[in-house]
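Reviewing the structure listed below.
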Amino acid sequence: MGMHQYLQGLNNLETLNRAPGLFKYQEHSVAAHSFKVAEIAQLLGDIEEENGQTIDWQGLYERALNHDYTERFIGDIKTPVKYATHELRTMLASVESSLTANFIKNEIPTFLQERYQRRLSEGKDETLEGKLLAVADKIDLLYESFGEIEKGNPENAFLEIFAESLKTIMRYQELACARYFIQEILPDLLSEDFADRGKLTQLVRQTLSE
Amino acid sequence: MGMHQYLQGLNNLETLNRAPGLFKYQEHSVAAHSFKVAEIAQLLGDIEEENGQTIDWQGLYERALNHDYTERFIGDIKTPVKYATHELRTMLASVESSLTANFIKNEIPTFLQERYQRRLSEGKDETLEGKLLAVADKIDLLYESFGEIEKGNPENAFLEIFAESLKTIMRYQELACARYFIQEILPDLLSEDFADRGKLTQLVRQTLSE
Amino acid sequence: MGMHQYLQGLNNLETLNRAPGLFKYQEHSVAAHSFKVAEIAQLLGDIEEENGQTIDWQGLYERALNHDYTERFIGDIKTPVKYATHELRTMLASVESSLTANFIKNEIPTFLQERYQRRLSEGKDETLEGKLLAVADKIDLLYESFGEIEKGNPENAFLEIFAESLKTIMRYQELACARYFIQEILPDLLSEDFADRGKLTQLVRQTLSE
Amino acid sequence: MGMHQYLQGLNNLETLNRAPGLFKYQEHSVAAHSFKVAEIAQLLGDIEEENGQTIDWQGLYERALNHDYTERFIGDIKTPVKYATHELRTMLASVESSLTANFIKNEIPTFLQERYQRRLSEGKDETLEGKLLAVADKIDLLYESFGEIEKGNPENAFLEIFAESLKTIMRYQELACARYFIQEILPDLLSEDFADRGKLTQLVRQTLSE
Amino acid sequence: MGMHQYLQGLNNLETLNRAPGLFKYQEHSVAAHSFKVAEIAQLLGDIEEENGQTIDWQGLYERALNHDYTERFIGDIKTPVKYATHELRTMLASVESSLTANFIKNEIPTFLQERYQRRLSEGKDETLEGKLLAVADKIDLLYESFGEIEKGNPENAFLEIFAESLKTIMRYQELACARYFIQEILPDLLSEDFADRGKLTQLVRQTLSE
Amino acid sequence: MGMHQYLQGLNNLETLNRAPGLFKYQEHSVAAHSFKVAEIAQLLGDIEEENGQTIDWQGLYERALNHDYTERFIGDIKTPVKYATHELRTMLASVESSLTANFIKNEIPTFLQERYQRRLSEGKDETLEGKLLAVADKIDLLYESFGEIEKGNPENAFLEIFAESLKTIMRYQELACARYFIQEILPDLLSEDFADRGKLTQLVRQTLSE
C-alpha cells in the first residue's frame, strides 16, 4: 500500500477528458478542470469576503481541488446535458460511493483515511463553501462551452450547456459572488473583442496607410 | 427528424475513446473498434463455416458493426476490469436501454425503427452469431492490451485485461474458431519478432560486414 | 504465417488517415471510415428493401467493411480531387492488385485465401450491392467534407469534394436510396441548427430574463 | 477590465506544456501540474499535522495552486536541468516580477489587487508552507520524469531531473513529510509491479493451464 | 562527443512549438518554421536577383536554416508580441550567447567549431542576406497568424502579431522583394476564396440543378 | 495566381506525415524532414570541404530544402521498404513529373518558373551535391527509425528501414563524409547512454547515500 499509488494515480486525471464523445477543438482534462475550479472558487471566496462573509478557506480549497477525484473510477459521464438523466445521476452517486469506500480502504494508509473520506465525499452542500464550489464548477463549464462556441464549434450541445450553466449560477443570486459574475463578468464575455477576417482587412488597410 | 442526425452522429463514435483514464501510447475509438470487431467476427465466421457450421452472415455482421453504438450515449465505462463491478454493469444495461428507446423514438423515422431496435439491442446471446460476437469483442480487447504491453506500457491493468480476455475466449472452446485462435494465432502473438536495441546492434554488425 | 499478422495489421488502418496533406480540425482514419461506410451501406440496404429490392446482406456488409483494406499497402492517395488524375487511379489499381496478390499469398493461410481474394478485390461493380457501396462511400466523403466546412475550415478543396461527392450520388438516382438521401437527408444537413455567437447572445438574454 | 480576462486566461495554462523541447510520451500542462502540486502539498500538510505541526491551510493551498501562474507570461523555461543556469533564473525572477506587476495593474480590479499581488509572488520561502510547496513541486517533477523513464523514454535528461528532484527533497529532511516520502513512498515507486512481455508470457501459460 | 548528439538533437526542434501558451488549431514546430523561412528567403533571393542584386546564396540559406537553432536551449519565448519586452529580448541575447558557446565547445568537434560559431550567431544584420532573413522570418509569422485567423481563432493576439509582422516588412520597402510581397502577394492573401456555409448552400443548389 | 498560394501551400508539408500507416511514438512531417535533411547535407558539405572538395553550396542547400516538395501532390508513399516496389517508384516519378509541370504552369509566375522547374526536379544525381543529398536523406531516415526503436517501438519495419538506410550510405563510401558517418557517428549512436529502470535504481541508491 502507501501513497505511491495515490500520487501516481493523479496522472489518470490528466489523461481523462471531460464530456467525451463530442467533437471539441480543445479537450479539457479532469486535472486541468480541477485546477480551474479551484482558481475560480478562490475568486468567489475573495468576493464573498469583500462583502463581509467569513470563508473557511481550507474547506473551500479542499472541496474545489478534490471534487472530481472520483471521476478516476468511472470517467466523466455526467455531461453533456442531453444524457445526464436523473436516473443516471442517482446510479452514479451510489456506485461512486462504494468504489470510493473500496479505494480508501485499499490504497490509503489508515492514519490518513479520515481525511480522504472527507475529501472524496460530495463537496456541494448547503454550507457557503459548498455553494461556492457549485457555482465555480458551473462557471468553468460555462467557459468550456463558450470556448468551443467562440472557436467555431457548430455543435448545439454547447449552447445548451452554456445556458444550463448560467441558469444554475442564477439560482445562487443570493450570493454576492454570483451577482458579481452575472453583472460584471458575463457582459465582458459577451462583448469581447475577437479576431476575424473583417478586422484583419481593416487592420491591414490601417497599417499600410501609416 | 430524419437520418441526417444519425449519420452525423456516427462522428461521435470516432471521437469517443475506449478505456478512458489510463495512459496509452495509442488510443482506440469506438468506431475503429467496431470496424475491427466486424473484421474479426468475419474471420471467426470463416473458420466456423470451414468446420461445417452454417453462418447467418447478415446477423453476424449486423451484430458486430452495431454492438457498441450505444456507447454514444454514455461513453465507454465498462472497462477496465478493475472498476467494472457487477453493480455497474447492471445499471448500465438499464440506463442504456431507456436512452436507446428514447433515441429510436426521437431520431429514427418510423419505417426504420424496427431495424434499429434490433441493431441497438444486446447482440451477445446464445445463437452462434451472438457467441462469435462475444469472442470477437474479446479478441480485439486482447490485441488492444497486447499492443500497449509490447509498446512498453508499464501499467498492470493491461496484463489483467489481456488475461481476462483470454479466459473469456477459453470459455468458448466448444467453438472451432475459439480453439483456432488459441492454437494457431496466440502462439504467433507470443513469439513474434520484435525490434529492440539488441537486434539493432546485431543488424548493424551484419550490414557493415557485407 | 497465420492470421496473427492479419489481426495485428488491422491496427495500421487505425493509424492511416484519409486525405493527408490538408489541414483538418478532425482527422478520419481508414478504420473509422470503413465503419461508417458499413453503417451507411446498412441504411441504404434498408431503404432498398423497404422499396421492394432484395439485398444480399452478406455481400453488402462484406464489400463495405473491406473496401479500403488495401489502403494499408499504399495509403490514401486517391483524394483530394485536385490531384486524383485518371493516370494516377489507373496506376494504383494495377499496383494495389499485385501488392494484394502478394499479401494473400504470404500472409493468409491457404484455406482462407479464396475468401480474402474476394474481399480485397474491387467491391464497386454493377450489382445492387456494388452500387450501394459506391453511394455509401461518397456519402461518408460528403459528411467528412461537410464536417470541416461547418467547423470553419477555409480550404476550398472541401467544397470541391462535397460537390463531387454529391454529383456522384446523383448519378445513382435510379436507386431509391440515392433519391432518399437527396430528398430527405440533404435538406436537413443544409438547414441544421448550429451554434454561433449570435445565438449565444440571444440565449443569454432569454435566460437572464427568466 | 474585469475578471473575465483572468478567467479566460486560465485556459493558457492548459495549453502551456512543461519542459518543452524534449520528446515525451505524455505532455504535462502547467494547469495539470498545478493541480497535482496542490494535491501533493495537501498530503504533505496532512503528514506534518499528524506529526504535531500547525498548518496554515489557506496559505498552503494558495501557494500551491498559484505557484506557476506567472508561466503564462513567459512559458516554462526553468527546466530541464541542463539549461537552467543561475544566470537564467535570476533574469526570469526579474522579468516575471515586472510582467506580473503590469498584469495586476491592467487586468485585476483594484479591490482584488492585493490578494493577487500576494498570490503571484514567490511562494517558496522559509515558512513551513513555503517549504512544503518546494517539496511538493519537486515530488511532481520526480513523478513526471519517472513516468517517462518507466514508459521507455531513452532520454538521459529524465534521469538527471529525477536525481536533482530527489536531492532537493533530501535537503528538507528536517521535515517529517520529506522523510515520509523517502522512507515510505520512494521504495514503493522503485519496486512497483510493471507489465512487460516476460510477465505476459508467464500469465498466458498460467491462464491456459487453468 | 561527435556529431551524433548534434544530429539527434535536431529532433528537439521538431518537438518545440512556437508561441506556446496560446490556443492554436495548428501548432508550428521550430523545425517546420525553419524550413518555411528558408523557402521564403529563397523566394526573396529570387526576386532580388531578378531585380539586379547579387545574392550570396550560401549565406542566405545558411542564415535562414539555422536562425532559430538556439531555441533548442531556451524554447520560443520571444513571441507573442504582448510579452516580448525589450528587457526580455536583451536578456535572451545574452543567455543564448553563453549557452551557444558552451554547446559548441562541448558538442561540436574542433575542426567544425568555426562553422557552427558562424551559423549559431545572429543572422539578421545589415547585409542584404541578413535583411532577407528578417523579412522572411516575419512573412512566416504573418502566415502563421493569418492561418489561425482564417481558421476561426478568436484570440486577438493573432491580429496584433499579423499587424506587427506587416509593419516590420514595411520597414524594408527599400528592398524589391518587400515591395513585391506587399503589392503582389498580400492582396491575394486578403481576397482569397474561402469555404463557408453560404458557399456550400449555393454550390448544392447549383449541383442539384445540373 | 501569384506566390500567395505557394507560400500558403508550405503549410501542407507541415500536415503531411512520413511513412503513414505504421504506429509511431513520434510522427515526422515532410517540412521537418526537409529541415533536417538540409542540416545534415550542410554537415556533409562541411566534411567534404574539410577534405579538399569544392562545394556548390547554393546547389546543395537548394536540393536538400526542396527535395520532397512534390510530396505535397501525392503524399509520402515511397516508404516503408516493404511496399516500395520498383513498379511503384517508376509510376510515381512519372505522375509526379506531370503534376509538377501542371503546378508550375498554374501557380508560379512566369518570371520564376525556370527556378522552380529546377528546384522541383530530381535532386539526386551524379554531381557531388546530388550524392550528398542522397546520403543526407538516408541519414535522416536512419535517425527516424532509430528514434522509434530506442523509444520501444516493436515494429520490425524500423529495423529493416535502418538497415536499408545504412546499406545505401555504405554505397557512397568513396565520399569522405559517408566514411565519417560510419566511422565517427554511427558508433556513438549504437553506444549511447540511455535511461532505463536499472539506471534509475542505481542512481537513487547513489543519491540517497550522499
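Order of writing sets the chain letters: A, B, C, D, E and F. Residues in each chain are counted from 1.
Note that in this section a residue touches a chain if its C-beta (ideal position, glycine included) is under 8 Å from a C-beta of that chain, and two chains touch if they have at least 3 such contacts.
The model shown is predicted, which means the values in this text are computed figures rather than measured ones.
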Fewest hops from chain C to chain D - one hop per pair of touching chains: 2
Partner chains shared by chain A and chain E (touch criterion as defined above): C, D
Intersection of contact partners for chain C and chain F: B, E
Chain pair, C-E or E-F, that carries the greater number of C-beta contacts: E-F
Far-end chain from chain A, centres as C-alpha averages: F
Averaged-CA centre spacing for the pair chain D and chain B, given as whole angstrom: 38
Distance from the mean Cα position of chain D to that of chain A, given in whole angstrom: 21
Touching two or more other chains - residues of chain F: 11, 13, 15, 23, 25-26, 147, 150-152, 186, 192
Full enumeration of touching chain pairs: A-B, A-C, A-D, A-E, B-C, B-D, B-F, C-E, C-F, D-E, D-F, E-F
Contact set on chain F toward chain D in their complex: 25-26, 147, 150-152, 192-197, 199-201, 203-204, 207-208, 210
Contact footprint of chain E on chain C as seen in their complex: 23, 25, 146, 148-156, 158-159, 162-163, 166-167, 170, 182, 186, 190
Of all residues in chain C, those that touch chain F in their complex: 11-13, 15-17, 20-24, 72-77, 83, 85, 87-88, 91, 94-95, 98-99
Touching residues on chain F, where the partner in the complex is chain E: 2-8, 10-11, 13-15, 26, 28-29, 31-32, 34-36, 38-40, 42-43, 46, 50, 57-58, 61-62, 65-66, 111-112, 115, 139, 143, 147, 184-186, 188-189, 192
